[in-house]
Amino acid sequence: MFDYLANPTRFMRLADYTVWPLRLIAAAGLLIGSWLGLASSPADYQQGDAVRLMYVHVPSAWLALSSYLMLGLASLFFIVWRHPLADIAARAIAPAGAGFAFLTLVTGALWGAPIWGTWWVWDGRLTSMLVLFFFFIGYLALANGFDRPERGARPAAILAMVGVLNLPIVKFSVDWWNTLHQPASILRSGGMAIDSAMLWPLFTMFAGLQAFFLLMVVQRMRLLLGQARLARLADQQEAS
Amino acid sequence: MRFFLTCLAADLRASLTEPGDILAQLGFFIMITALFVLAAGPESDRLALIGLAGLWMAALASMVPAFERLYEAEARSGWLDQLLVSPQPVWVFVLAKAAGYYISHAVPLLLASPLMMIWLTLPLALLPVVLASLGLGLAGLILLGALGAALTLGARRGAILAAILVLPLSVPLLIFGVLAGQAALSQAPVAPHLQLLAAAVLFLLVLMPLATGFALRTAAENG
Amino acid sequence: MAGFFAMGGYGAFVWTGWGLTLVFVLLLWLHTETRLAKLQSQLQSQLQSQLQSQAENGKTDAKNLPEA
């Protein structure tokens, strides 16, 4: 299957078919999810209406983490099979992933402010997400840090792979640090039991944001491929 | 092994005939520590609590900016290109270079750290733990720095870029290292933190030379 | 209706958080799609002008055709 998709022209043709379904799912998911999450779902008995931030916070966090793993996977493909499409995929994933990591931190702060009484807690999850955000920043800085963009492809891929391997260690060290410092325990341990009335808005927003993320990846890949093609055409014209 | 020693000797000779870098870095380390005390205030009971943090921050801040120049001489003289076409394994060179850098740049910091501990009003009974944790931590940091330097070879804004890549990856080293010192300060068991730190450094010792060697190859191929 | 916007006292937080998320999504979406549309029209005109100039020069051998 990868051999089949490895041809950029064939990939583009296949990508064309995914654009409209992704657009529709993203738009419908975000609209219906917003209605479900903001209007039709009940308020939490402990957190009141602040719980509605969960419907944007949790999917963002999931997308941030999974996009870093996708980044690492694309980088692996790029390093092992040296396929330019994998580099383009990685470059398409990174900005959206960084954006979602940032959104996770912001919505987390906005959720924490009324519920915990503080904008920021140095707990394991927040700190790990912050480091993940730094990883994205490093990747973007390195991938775009060279005069010729394609020169940054392999360094950035190496960095992403090292980052993926280091992520569990970072997570562990932050948790370790957290248990020893024990900030006044405002986070309820064990997580919260999610009522089924909250599952639907969560799931819908999840689907909407995931589709949006995939759409952004596909469209950015088309953009990057198109830019390369335009540059080639301009070269041809100069040469002829 | 022979190749390792040759590289190590060459690196040490180069950095010792040109000690300006080492002295500048040491001066940077001492200045940041002093300025940290000025920022934190001299009340000794409070200073001792955050002194370890200051020591580690000073060590990180003085090490990280210099990483960019790790392979500068070899890349400029064309030695690196020769190495890559030679049958010698690149990762051995990376390790030798890191070991040389450790001796020339990290050991002076370790030697200066007892003095810094006096400034930071840390009890000198902590010295063995601080030396062990800082010694291990700097080893891991240099291994990360080797990768950062190789990745940013030929990049714009190389120094700040290398720092941006290395610092997030150094989070575990910082956490385990500072916690070891804090455990000693509060008479808690130190060993778990040091073991975790050693494990993290060992992991980097395996992974980084390979990744760095690969990055150097990439840099040489693409000019 | 006022109750809906007040969100039980958490209105400021809930609306800022949701708003930022949706604004981020919308801006990134529009930005990407407009850039893509612009690029595609550029590609189209480039291809056309190249084909035209080739037709005028009578160079139609496969070597000079822009890749499809």
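The letters A, B and C name the chains in turn, as written, and every chain counts its residues from 1.
By definition in this document, a residue touches a chain if its C-beta (ideal position, glycine included) is under 8 Å from a C-beta of that chain, and two chains touch if they have at least 3 such contacts.
Computed from a predicted model, the values in this text were never measured in an experiment.
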| item | value |
| --- | --- |
| Identity of the most central chain, Cα criterion | A |
| Chain located farthest away, centre of chain C as origin (C-alpha) | B |
| Cα-centroid distance, chain A relative to chain C, in whole angstrom | 19 |
| Whole-Å gap between the CA centroids of chain B and chain C | 44 |
| Where chain A and chain B are represented by their mean Cα positions, the distance between them in whole Å | 31 |
| Interfacial residue positions of chain C with respect to chain A in the complex | 4, 7-11, 13-14, 16-18, 20-22, 24-25, 28-29, 32-33, 35-36, 39-40, 42-43, 46-47, 50, 53-54, 59, 64, 66-67 |
| For the chain A and chain C complex, residues of the former touching the latter | 26, 30, 34, 37-39, 43, 48-50, 52-53, 56-57, 60, 96, 99, 103, 106-107, 110-111, 113-114, 209, 212, 215-216, 219-220, 222-223, 226-227, 229-230, 232-234, 236-237, 240 |
| Complex contact set, residues of chain A against chain B | 79, 131, 134-135, 137-138, 141-142, 145-147, 151-152, 154-155, 158-159, 161-163, 165-166, 169-170, 172-174, 176-177, 180 |
| Chain B to chain A touching residues, read off their complex | 147, 151-152, 154-157, 161, 164-165, 167-169, 171-172, 175-176, 179, 196, 200, 203, 207-208, 211, 214-215, 218-219, 222 |
